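One chain, subunit A, links the two complexes that follow: it is found with subunit B in the first and with subunit C in the second.
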Partner chain A sequence: MSDAATLSGRVRSRRPRFSPAPLLGVATVLGLLAALEALIRTGLVSPFVVPPPSTVLLAGIDLLWHGNGLEALLATAFELLSAAVLVGLIGLSVGTLLYRVTALRRTYEGWVAALAATPLVLVYPFFLVMFGRSAATIVAVGVVAGLPPMVLRTIEGFAGVRPVLVDVGRALNLRPVRVFWSIEFPAALPVIFSGFRLGLGFALINIVGMEFLINYGGLGQLINEHAELYDLPETYACIALVVVVSAVFVAASEHLERRLRG
Partner chain B sequence: MTSPEPSAPVPPLSGDTSAVVGWTAALRVMNVTKRFHTGREIVTAVDDVSFDVREGEFLSVIGPSGCGKSTLFKIIGGLLGGFSGEVRVGGRSIQGPHRDIGMVFQEESTFPWRSVLDNVAFPLEASGMGRAERLDRAAHFVSLVGLKGFERRFPSELSGGMRQRVAIARTLAFNPKILLMDEPFAALDEQTRYLLGDKVLQIQQATKQTTLLITHNIGEAVQLSDRVLVMTYRPGRIKAVVEVDLPRPRSDDVITSDAFARHVAGLWRNLKEEASRGLAESEALVSGGAG
Partner chain C sequence: MAQGASLAAVVAVWAAVVNARLFPGDIVPSPAAVAGRIVGLALSADFYGHLRVTAAEIAGGLALAAVAGILLGVAIGARPLLRRAYEPWLHYLAPTPKIVFFPVMLMLFGVGAASKVSLATLGAFFPIVLGTISGVREMDPVLVQVGRGFALSPYRMLTMVYVPAIRAALVNAVRLGFGVAVVVVLLAETKLSSAGIGYLIIDAYRHFDMPLLAALVLVLFGLAILANAGLARLARHGAPAVSR
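And now, the complex of A and B:
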C-alpha cells in the first residue's frame, strides 16, 4: 500500500482480527441442541416435557412461513426498536444531566439505582389506563424498564473520563459543547453502551412479558396462545425467535457503537 | 485570589532581567501562589513564583517530585484557577486557556478511540483545517517523532513511550507560540529521549517557539535549555535560575565538553539539597503516620 493510500481516508475503527469466539458460541449451542435431540430420541427425556429441537425447528419454519410468526416477530422487533431509541435518547439526556449537576446527582442517583432493581413491569396498569391495550403501552413499559441501567451507566461513563483528556480539549480553547462531543462523549461511550445493552435486555424482557400479559401483538402473545393450547414445539419456536431478536439488536448496537466512536 | 498591583516589587530570584537586557517577555509569571485545600490540610503547591520567559527562549524547570511544577504549568496554561498573582502572555493577563499556548501533559493523554494520525490531527480538526491538509500535516509530525508506519494504529497498540510521542506530535502539529511540556520524555529510554529532545530542539530553533520544559533529567535540561529554573520542595519556590551559556547548536562536542559537565554538576548541587529535603519530609511523614 502506498503512503497516500494509507493516509487517505480517516480510520474509522480498528479492524478486528479473526476471532473464533462467535463460531465457538454457535457451535456450542448447536452441540447442546444435538445432545438434547439425542436424549429425547433415545427416550431418556420424554418428548412431552421437551419437544425435540428438530421438531421445534420445523414448527418455527412453519410459523414463519405459513402462520403469523413473521408478523409477530416484526411487531416485537418494532416495539423493541422504539423502546431502544427512547431509552437511548432519554437515558443519555437524563444521565448527562445527573452527571453535570452534582446536586441532582446526589439527590437522585440512589433512587435510580433502586429502580434498576425493581420489577417495573408492575407499573403496567398505569400505562394501560393511559394508552389502552396497545403497542404504546408495551413500548412504555419497555422504556421504563430499560432506562435505569442506561442512566446509571451513562453517569458512570462520564465520571470515569480521565480529566487529562478533558484538559487536552480545554487547553485547545475548545468550547464546552465541543469538548463534550469530541472528547467526553467518545471517551465514555463504551461504558454508556454497556448500559444501553443492559437496558435493551430489560426492555425486551418486559416487552415480551407485556405482550404475554395483555395478550397483544408480538411474540409474547404468540407464546401465550400456543402455551395455552399446549403446542410445545410452537411455544419453544417463539422463545427461540425472541433470542434471535435479542441477538440482532445486540449486534446492531455494537455496530452503532463503533460508528459513533470512530 | 486578588491580583497584585502592577507595580508590585519583583523578588530578587525572579529571573526577571528584562529591564536590564531589554528583551520582550513572551510570558510573565508574576507572584503566582496556589494553595490546595484538602480535607483538614492546606498545601501550598506554588509559593510566590515570578519569572519571565523571553520570546524564543528554551527554559527548563527542574525540581523534586511534588514541588509544584505541574501545578505551575496548569496555571500558565489557564487550566487551573483559584491562584493569586498574574500570568501574562504577550503583555495581557490570561483568564483561562490561551490560544497561543500548547501543552503536553505529564499523564498519558492520547485519545484511545482515535488512530495515531487522527490523534495528531485533532487540534487541526478543531481549528477547522481542511481534511487533506490536516492529515498531511499530522502525517509529517507523526514521522517527525519517529512513528512513521504507525499512523493507523490505535494507542492501545502502542507502548507508553510511543503514546507520549503521539501526544508530543499532537501539540507540535498545532504550532503554538508557547509550548509547555510536562516531562514529555519521562517514559522513554535514554537514547530515544536524547534523540527526540534533539528533534524538539531543532524544531524549536527553526520555529523560534518559546518553550518551557519540565524535566527530572539534569543532562537533558542542560542539553536543551537557555536557562534552567530550579524549584524548591514545599512550598514550591524558585531556588535558582541558571543560565546555560553553551554554544548552539549543542553538538556532540558541546555535550561532552567540560563546560557541559560543570553545568550538570552545578545544577545537581542545587537540586540535591531539595531532593533530600523532600525525601526526608516524606520519610518523617511515614514514620509519623506509623507511630
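And now, the complex of A and C:
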C-alpha cells in the first residue's frame, strides 16, 4: 500500500489505480530489442552471430505459417500430454502408496526428495539404449523429471487432510474406499494439483531439452536442425518460440491452479 | 538402519532383475559390475580431471550468475515500480528450458568451456535474481532507512545493508541456481564437448559401456545429493536470521 493511498483514505479502492509498471516492462523489452537491432545494423554486433530481431520475427512468422513450426509445436504438445498422463497416474499411485504404508513412507520419502535434487535427466542415455531415438525416450525423460514433485506433493496433500473430515466419514460408516475417494482425495486435491503443475513444468523443460539433445520430435529438434544448418534467424526464432510457449504454459497452469483453489 | 535396509532392498531387486534377464542384452548391468566401475572411477586420475572441468564450469557460471542476479535483484527489488515492471517477465522466463540456448552460446563463445559457463550463468541467473528480489521485498524497511540515514554509498548499502539482511534468502537462491547450473552444464557437455562428466557419460553411451554409464550416473547423483545437503546446511546454520 503506497503512502499516498493511505493518506487519501482510499485504503481499499475497488478499482486499482493505473500503474505504469506493466508498460515500463514492455517498453524495456522492446527498447532492448531495438537497441540490439541498432547495434547489428550499425555493424557493432556481427549479424553472423546475432541476427537482427526484425529478421528473427519475420523468420518466426514464416516458420509458423509456411514451415513446420506448428507441426513441431503439436509434436511437443503430444509428448507433454503423454508425459502428463503418466506423471499423473504413476505419481498419484506412488504418492498414495507411500502415504498409506507408513514404513514405506519413512524409508523412501527422503529418497524421492534427494532424487529431486539430482540431475535426474542425465539418465537419458539409458532410455536411449532402451527405446532408441524415439518419442518414448523423450516422454520417459519427461516423466522421470516430473515425478518427484508430484509424488512429494501427493504425500503432503494427503497428510494435510484434516482428521475431522475422515472421522465424519467413519461416523457415517463409509467403507475405507469411499472415505478415500469421497473425502481424502478431494480434500488433498489442491495440493496434489500444485505438485502436478510443478511436475508438468519440469516435464516440459526436459522434453524440449531432450528433443534438442537427441534431435528428435518437436520444437527442440527444430532448434537443433536450424542450428546445424546455420540458419541463424530460424534458430533464434525457434528458441524464441520455445521461450514463449513455455512461458505461456506456466502462466496458463498457474492461472488454472489459482481458479481451482478459488 | 531403515535407510540401510532399504538400500539393500533396492540392490537386491536390481540384482534379481538382472538375473531374471528382464531386459534384453546387457542394458541393465549387475550391481557388482557397477560397483566395480565406481571403485575404478574413484581410483582413476582421469575421472578427477573431468570432474574438475565440470566443477569449474558450474562454479564459473554460478559465480557470474550470483553477481549479476544479486546486483539486479537488489536494484529491482528495492524499487516497487521496477519490481512490478520486471518481476513478471523474470518469473515467466525463469522456467524455460535453458539448454536450447546452447547453439547461441556456441556461436558467441565457441565449443570450449566458455559456452558451458555462459549457459550455466543464464540458467542460474533466474532463480538467483528472483530469490534476491523476494528477499529484498521481505526486508524490514527500517534497515534501509537506517542505511539512508547514514548516507551510505550504493556500494556500502549493498554490502552493509541489503546482502547481510537477506543472507538466508540469498543462500537459498544460490542453491536453486546451483541445481540449474549443474543440469545445463552436464547436458551441454553431453551435446558437444571434449571434457567433463557429461562428456564421459555420453562417451560411455557411444561405446555401449553400460556398467560405466550406470557408475557415472550414480556417482553424479551422489555428488549432487552431497552438494545439495551441504548448501541446505549452510542455509540453515550458516545464515542466521539477521533481518530483524
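The definition used in the following text is that the second predicted complex is superposed on the first by the 169 of 262 C-alpha atoms of A that agree within 3 Å, B and C clash if a C-alpha of one lies under 4 Å from a C-alpha of the other, contacts with A are read in each partner's own complex, and residues count from 1 in each chain.
Here is the rule we go by: contacts are C-beta pairs under 8 Å (C-beta built on N, C-alpha and C of every residue); 3 or more make two chains touch, one makes a residue touch a chain.
The shown structure was predicted, so the numbers you read here are calculated from the model rather than taken from an experiment.
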item: Which of subunit B and subunit C A:T28 touches, first, second, both or neither; value: second
item: Contacts of A:A38 with subunit B and subunit C, given as first, second, both or neither; value: neither
item: Which of subunit B and subunit C A:N173 touches, first, second, both or neither; value: first
item: Most subunit A residues touched (candidates subunit B, subunit C); value: C
item: Subunit B versus subunit C as contact partner of A:A159, first or second or both or neither; value: neither
item: Which superposed partner A:V49 touches (first subunit B, second subunit C, both, neither); value: second
item: Which superposed partner A:P186 touches (first subunit B, second subunit C, both, neither); value: first
item: Subunit B versus subunit C as contact partner of A:V208, first or second or both or neither; value: second
item: First, second, both or neither for A:I61, with subunit B first and subunit C second; value: neither
item: Of subunit A, residues touching subunit B in the complex; value: 3, 6-8, 10-11, 14, 162, 164-165, 167-174, 178, 182-183, 186-187, 189, 261-262
item: Residue numbers on subunit B that touch subunit A, as the complex places them; value: 74, 77-79, 97-99, 101-103, 105, 107-109, 111-113, 115, 117-118, 122-123, 126-127, 131, 135-136, 139, 151-152, 154, 170, 174
item: Interfacial residue positions of subunit C with respect to subunit A in the complex; value: 2-3, 5-6, 23, 27, 80-86, 88-89, 92-93, 95-97, 99-104, 106-108, 179, 182-183, 186-187, 190-191, 198, 201-202, 204-205, 208, 210, 213-214, 217, 220-221, 224-225, 228
item: Subunit A to subunit C touching residues, read off their complex; value: 2, 19-25, 28-29, 49-50, 103, 106-108, 110-111, 114-115, 117-119, 121-126, 128-130, 201, 204-206, 208-209, 212-213, 220, 223-224, 227, 232, 235-236, 238-239, 242-243, 246-247, 250-251
